[in-house]
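Next up, some structures in C-alpha cells.
Across the two complexes that follow, chain A remains constant while its partner is chain B and subsequently chain C.
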Partner chain A sequence: MKRRTLFGGVIAVAMVGLTSGVVAQQPPIKIGMSMPQTGGLAGGGKASLLGIEIWRDDVNAKGGLLGRKVELVVYDDKSSASETPAIYSKLLDVDKVDLLFAPYATVPTAPLMPMVKQRGLLLMGNFSFQVNSKVQHDMWFNNAPWGPPDSWPDSFLDIAQKAGAKSVAFLSADQEFAQNLVVIAREVAKKRNMPIVFDQAYPPNTVEFSSIVRALKAAKPDVVYVSSYPPDSAGILRAVNEVGIGDNVKVFGGGMVGLQFGAVMENMGSLLNGVVNYNSWLPEPKMYYEGTKEFFDKYTKRAVEAKVDPLGYYLAPFGYASGQLVEAAVKAVGSLDQKAMAKYLHEHEMQTIVGPMTFGPDGERKENAVLQAQFRGITDKNIEQFRSSGKQVILFPEKLKSGDLVTPFEAARN
Partner chain B sequence: MKRNGIFFWIGATLFLAAALLMTQVIGNQYPFFACYVILQFIVLAVAWSILGGYAGYVNFGTSAFFGMGVYTAVFLLKAFDAPLAAQIAAAAAVGALMGFALGLLTLRMQGIFFSIATIAATIVIETSITNWRYVGGSAGIQLQRPMVTEPFNNYVQMLFFIQALLVVLAVAISRYIQNSWIGRGLQAIKDDELAAECTGVPTLRLKLLACVISGALMCAAGAPAAMYLQYADPSSAFNLNYSVSVLAMSLIGGTAHWAGPVVGAILLGATQQLLTVTISSEVNVLVLGVMLVLFVVAAPEGIIGLIRRVLRNRSEGKE
Partner chain C sequence: MDLLLDAVVTGVLLGCFYAAVSLGLSVAFGLLDVPHVAHPAFLVLASYAVFFLNERYGVDPLLAGLLITPLFFLFGLAAYRLYYETFERRGSDAGVRGIAFFFGIAFIIEVLIILQFGVDQRSVTATYVGKAWRIADTRIPFRLLVAFAVAAALTILLTLYLSRTFMGRAIRAVAQDQEALRLMGVNPIRIKQWAFGIATAVLGIAGALLIIVAPVEPTLDRTYIGRTFCVVVMAGLGSMTGTLVAAIILGVAETIVLTLFGASWAPAISFAMLLGVLAVRPQGLFGRRS
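Moving on to the complex of A and B:
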C-alpha cells in the first residue's frame, strides 16, 4: 500500500512537472472586463460574453497571441455604473491584466472613460452610445455599428420619406439610451423638414400603452419613430395590435430595443410583422463574412448550455469581433504596446465576422452600419423561423439591401 | 461614561491617522476604490440608524437622499465649478431640508405607511431628476475631476480620506444622540409614541431633529460619489439597492447601539466587495438576502444584540 502511494505520488509530481513545463513557458495574456450578469442588462451581457469566450477559445486553439494563451478575467457589474470603477481598478492594479474590454452598454462604461484616459489605456467598447464624445479618448474603439450619431435615425427617416411620409411622431422611453436616440431623431426630422405632430416620452415602467397609442393615432402621423426598451417594446406592439395605428402610418419602428432578442421575438410572433426596426446583424445572404457561419454554429451549440439568447445575432458576433480587432492589432504590432495598437486600429480597415470596420478619430465606426429591416411573414411561437433569411428584410444600408419596403404599415402587418 | 468618550476619540483619531497613512503608503489604487464604497455604506447605515434604529421609523428612502447628494454635487459642479467641500456642505444642507420634509410626513404616518411614503418620495425625486436635462437627464452626465490637492497624489485617495472623515462625523453624532436626552426621547418614541407624548417627550421636535440629521448625513455621503464615478445617471444614483443594503446592514449589525450599523456595514459591504470580484454572479445578490433572513431569524437584535446576550450569559454564569 505504502509503495503504491509512493509510486502514485511520483507519477503525480512528474505529471505536474511536465504540464507546468509546457504552460509556464509564457504567462497568459489577460484580458479584463466587467460584464452585466445580473440586473437589467444581464441578458445582453451574457450573450456578449459568450461571443468573446468563443473568440478566446478560437484564438487559443490557433496557439494564442504572441505565442501566449489568452485568458479572460470577468466580473459582474450588476448593470450599474457604480460598480465599474472599483472593478476596473481591481483588474488593473491587482489582477494586472494586459488589455481591457468595456462592459456591454453605455451606463456601466461611462465611468470608465476618464479612468482609461488618465492612465492612457486602450479600451475596446461594447455597444455603448456616444460615451466618448465628451472625454475624447483616442484609444477607444467601439464595436457597435452606430457610426456618426445622427446617421441612425437618419436612415430610418430616409426610408420613410422615400415612401412618401411627411409628418412624424416620436414615442420614447424616458431612459438613457432611448432619450439619446430621440434627441438626435428630432434634429434629423427638423433637417428633413418633417413636421413633428406627436412627441411623447413615457416613464420607464409603463406597461399599458393603449391610451398613448390612441393619442398617437389621433395625431395622424405618416411615420412613427419609437425608441423603447424590451418590456415596453412588447407593450407598444400589443397596444398597436389592439387599437390599430391608422392608415396614414407608412413606416413604424426605428429604435425599439428588444426586438433583436430571440425570446422577445418568439413571444411577439406575428405582432412583429411590418415593423421596420434597427438591427446589428441578420441572417441575410449578404451578411456572411469569413468565419461568420462557423461562429454561429459554435454559438448555437454553446448558447443552450450558457442559457443565453438562442439566436444571439444582436451582440454576440460583435463581442467576437472585438476579439478579432485586438488579435489583428497585436499581431500587426508584434507586442502588447497599447499606443501602437490604437494607432494601428485607427489607420487600418479591420476585417471581422460582422464585416469590415473602420474607426473615426472618436473611436466610433466611421460609417453607419446599423441595419434597418422589416419583419415579414412571422408566425407565432416559433423561434427557429428567425434563423432563415427573408424574415427580416434589410432595407438599409443600400449595399446590404435584401428587399423593398412594404407599406403602409397596416398592409404590411398582414 | 467619560472614560468611554476618551477612548472613542482616541479610536477615531487613530482611524483617521491610519486612513491618512494608507493614502501615503499604498500605491495600489484598488483598496481605495473598494474601501471608499465600504466607508460610504458606513455613513449611510449610521445615518439611517438615527431615524430607523433609535426612533423606529423605517426609512426606505436612503437612495433618494443619496441620489440627491449626488445630484447636488453635479449641479454645483456644472453651474459654479464648486470645490468638493462646498459640494458636500451644500448636499448636507439639501439633505437637512429633505429630512425636514420627511419629518413632517411622520406627523400623519407611522409604521408601514411611513415606509411606503419614503419609497414614493424616492420615485418622485428620481423622476424629476430624470426629466431635468441640465444635470444630464435620463442620459446621465460625465464629469471631469479637478486637480487633486496636496497631500494626496490621487483623487480617489482623497475621496477615500474625505469619506473617512464623514464616517467619524456620522459616528460621533450618532453616539452623541444615543447617549443624550435626544436618544432617550427617540427610544421612548420607538417603544410607544403616544405614551411618550403623554409623559412630556417632545415627539414631533425629536422626530424632526432625527430626520434632519439623518437626511443631512445621507446626502453628504452621496455628494463625493459624483466625483468618485465621474458620471451620474438617475438609475444608478437612485438605485433601490442603496435603500435595501443600508437597511440590511443596520439590521444585521443591530440598531440599538451606534456600533451596530458600523459593524453591519463593514461586514456586508466587505462581503459585497469581495463577492463582486470572486464569485461574481447571481450568487452575490442572493447572499445579501440569505444573510438578512438568517439574522432576522437567529439574531433579531443583530450582531450587537448577539454580543450583548453572550456577555450577559457569561456574567450570569460567573455569579
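Moving on to the complex of A and C:
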C-alpha cells in the first residue's frame, strides 16, 4: 500500500470517527417537570412519572427525537402549589430544558399557568382541571379526558336523573380541584332542575366523616355527588358503610379521586360496590388501542420495582400519551419550535394508547372521554380482581358502555 | 335533635381517639419540656409497624400495637439519649435547636416509610373495622368504640403509673424541679430518658388506633401535629386526665360544628378553643399555676 493511500485511509477513518462522535455528542432533548413524589398526590404522581419514563425508554429505543436522545429532568414538588413556580423557573433558567410537562394534578399546576403564558411556552398538562379557563393560554394541552368543563358532572347527573333521581347533595373537599368541579356541578344541577338539598365543603385534614355522612343522610337526597381527594375518599366510603346513606339514594359517587388507585381499591374492597365514579381508563374490551396492551405489560413489571400503583390505569397510560403527543408534534414540525408544535396539536387528531385525542382552543379535549363506571362484585383484599373486565362496568360514554346501572345505591352495594 | 345527639356521641368517641394519640406528647412535652414535634411521625411509624404485622402475619391490629410497644420503648430511650447528648446538655437555647432536631427526625421517618412502603395509603383488616353498632336509628362505628376503650384504659394506666409508682413520682418530680431531684441523689437525665421511653411506648398502641380509625399514608403526621399539641396545651401541660377531657371537648366541638354548622369551620374550632382557654386559664384546663 502506498504511503499516500495509507495516510488517506487513516484520515478517512479519523473523519468517520469524528463524525460519529459529533452525532453521539448531540445534546439530549431535555423535558423538564415537577412531579408529586411525596405528599397526598404522590401515589398518582409516581405512577404518572413511570408512564412518562416508559415512553422515554421507548422513544430512545427508536433513536430518540430529531436524532437526539430524550432526557427527563424531574423534581419532587411535594404535592404543593407553593413549590412549583420555583421548580419551573429552575428548569427553564438553570437546567435549560427544551420542553415542559406539567406536574400531576390541579393544585401544583395552577400557579404555573401565568408563567408559561408570559414566556410563550408549550405546556403538556397532566390531569389538572380547568387551570386554563381564566389564563387562556393557547399553548396548553391537557392529556386528561375531561372535555368541556360541564361534561363530567353532566354525565353523572344524567345517569342519576335517568334512574329517577330528583334532588342532589354535594359533598366536596375544600381544595382547588374539588371546588372547581363542584361549582360546575351546581350549575349543571340547576340546568337540570335538580334541587340541591345538601351542599358542604369539608376541610382537607378532616379525620372522621361519620358526622358529615349523618348530616348528609338527614337531608334525604336522591343522588350524592362527592368531589373528594384520596385520603378523604376512603374515609367517606368507610363512614357510608358504617352509618348508612339512606334508601332513597339512587346513585352515589361522581368525582372521588383515589378510587382509581390500586392500593386504595384493594384497601376498600367490598366497600366500593355500587359506587358510580369517574375514571379515565379501565380494562374493558373497548378500551384497547394500538400499543395499550404492550404498555401495560411493561408497566406491570416496572411498577413492582418502583413501588407504585400496581394497576396504573388512571394516570400512567396518559403520561405515556403526553409523550406520544410531543413525539408526534416534534416529528411533524421537524424542530422544537413550540409555537409550531402547538399549532400542529391544535389542528390534528393525535393517536395515543388511550385513544384518539383532539384539542379545543382552550387546550382541553374536544370530546368528553371521562368514563362513569359502577363497581360490581368486588371482594376484600384482592388487587388482581381489578385486572378483569366487569368489575367496573362502564355506564358512560355510550360508545364504550359495558353494562347498565344497578340502583338504588343500597341495593347495588350487596 | 337526633343529629345533635349523634354528634355528641361521635364527638366523645372521636375525642377519646384524639386523647389516645396525644397522651405520649403529654408526657414528653407536658412533663419533660421536650419539644417533641416528631411525636406524630413516631405515631405514623407505629401505624406502619402495625400494618406490617397485620398484612404479613395476620396479627390483629390491637395485638400488633401491644407487641411493638416494648420496641417503641427502646426506640424512645435511644431517641432521648441522642437528643440529650446532641442538644439538651449544650445550653440554654436547647429548646429551639431541639425543635430543629425533632423536625429532622420526623422528615427522616417520613422518607424511610416512603422508601419501605411506598406512598400509597395503607389500612388494616380486623373484625371491628368497617362495622357499626346499631342502637335504634343510630349507628356507632366499632373502630371508634375501640378507640374509646383504649384511650380510657391508657389514661387510667398512665395516671396510676405516674401517681402510684416510684418511677412515676420521679417523673413528676423531674418535671417540677430537676435540681431538687439531683440533690436527692437521683439522676434526672435517666428519669427523663425513662419517661420519654414511656411516652414513645404509648405510641405503639396509639399507632394501632390511628390505622384502625382511618387509612394512613407517610405524610399523615402533618395532619396531627396541630391537633395533638392543641390537646396537650389546652389540657394543661402534663395532666393525663386533662388530656382526655380536653380531647373530648375538642372532639365534641368539632363534630357539632361539622354536623350542624358546616364542615369548613371545623379546623378553626380547635385553635379558637385553645386561644379561648389560654386567655382565661393560661395554665390550661387542668394545669397548676406555677
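Methods note: the second predicted complex is superposed on the first by the 391 of 414 C-alpha atoms of A that agree within 3 Å, B and C clash if a C-alpha of one lies under 4 Å from a C-alpha of the other, contacts with A are read in each partner's own complex, and residues count from 1 in each chain.
As a working rule, a contact is a pair of C-beta atoms (placed from the backbone, for glycine too) under 8 Å apart; a residue touches a chain by one contact, two chains touch by 3 or more.
Keep in mind that what you see is a predicted model, and the values were worked out from it rather than measured.
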{"item": "Which superposed partner A:85 touches (first chain B, second chain C, both, neither)", "value": "first"}
{"item": "Touched partner set for A:135, first chain B, second chain C, both or neither", "value": "first"}
{"item": "First, second, both or neither for A:94, with chain B first and chain C second", "value": "first"}
{"item": "Contacts of A:107 with chain B and chain C, given as first, second, both or neither", "value": "first"}
{"item": "First, second, both or neither for A:180, with chain B first and chain C second", "value": "first"}
{"item": "First (chain B), second (chain C), both or neither touched by A:235", "value": "second"}
{"item": "Contacts of A:75 with chain B and chain C, given as first, second, both or neither", "value": "first"}
{"item": "Which of chain B and chain C A:382 touches, first, second, both or neither", "value": "neither"}
{"item": "Touching partner for A:244 - first (chain B), second (chain C), both, neither", "value": "second"}
{"item": "Contacts on chain A seen with chain B and repeated with chain C across the two complexes", "value": "37-38, 174, 203"}
{"item": "Interfacial residue positions of chain B with respect to chain A in the complex", "value": "28-30, 32-34, 36-37, 127, 130-131, 137-140, 142, 144-145, 156, 225, 228-231, 233, 235-236, 239, 241, 273, 276-277, 280-282, 284-285"}
{"item": "Contacting residues of chain A [partner chain B, same complex]", "value": "37-38, 74-76, 78, 80-83, 85-87, 89-90, 92-94, 106-107, 110-111, 113-115, 131, 134-135, 174-176, 178-180, 183, 203"}
{"item": "Interfacial residue positions of chain C with respect to chain A in the complex", "value": "2-3, 6-7, 10-11, 14, 17, 110-111, 114, 117-123, 125, 130-132, 139, 141, 144, 213-215, 217-220, 223, 255, 258-260, 262-264, 266-267"}
{"item": "Complex contacts: residues of chain A adjacent to chain C", "value": "37-40, 42-43, 46, 174, 200-203, 205-208, 210-212, 214-215, 218, 230-231, 234-235, 238-239, 241-244, 258, 261-264, 267, 271, 307-309, 380-381"}
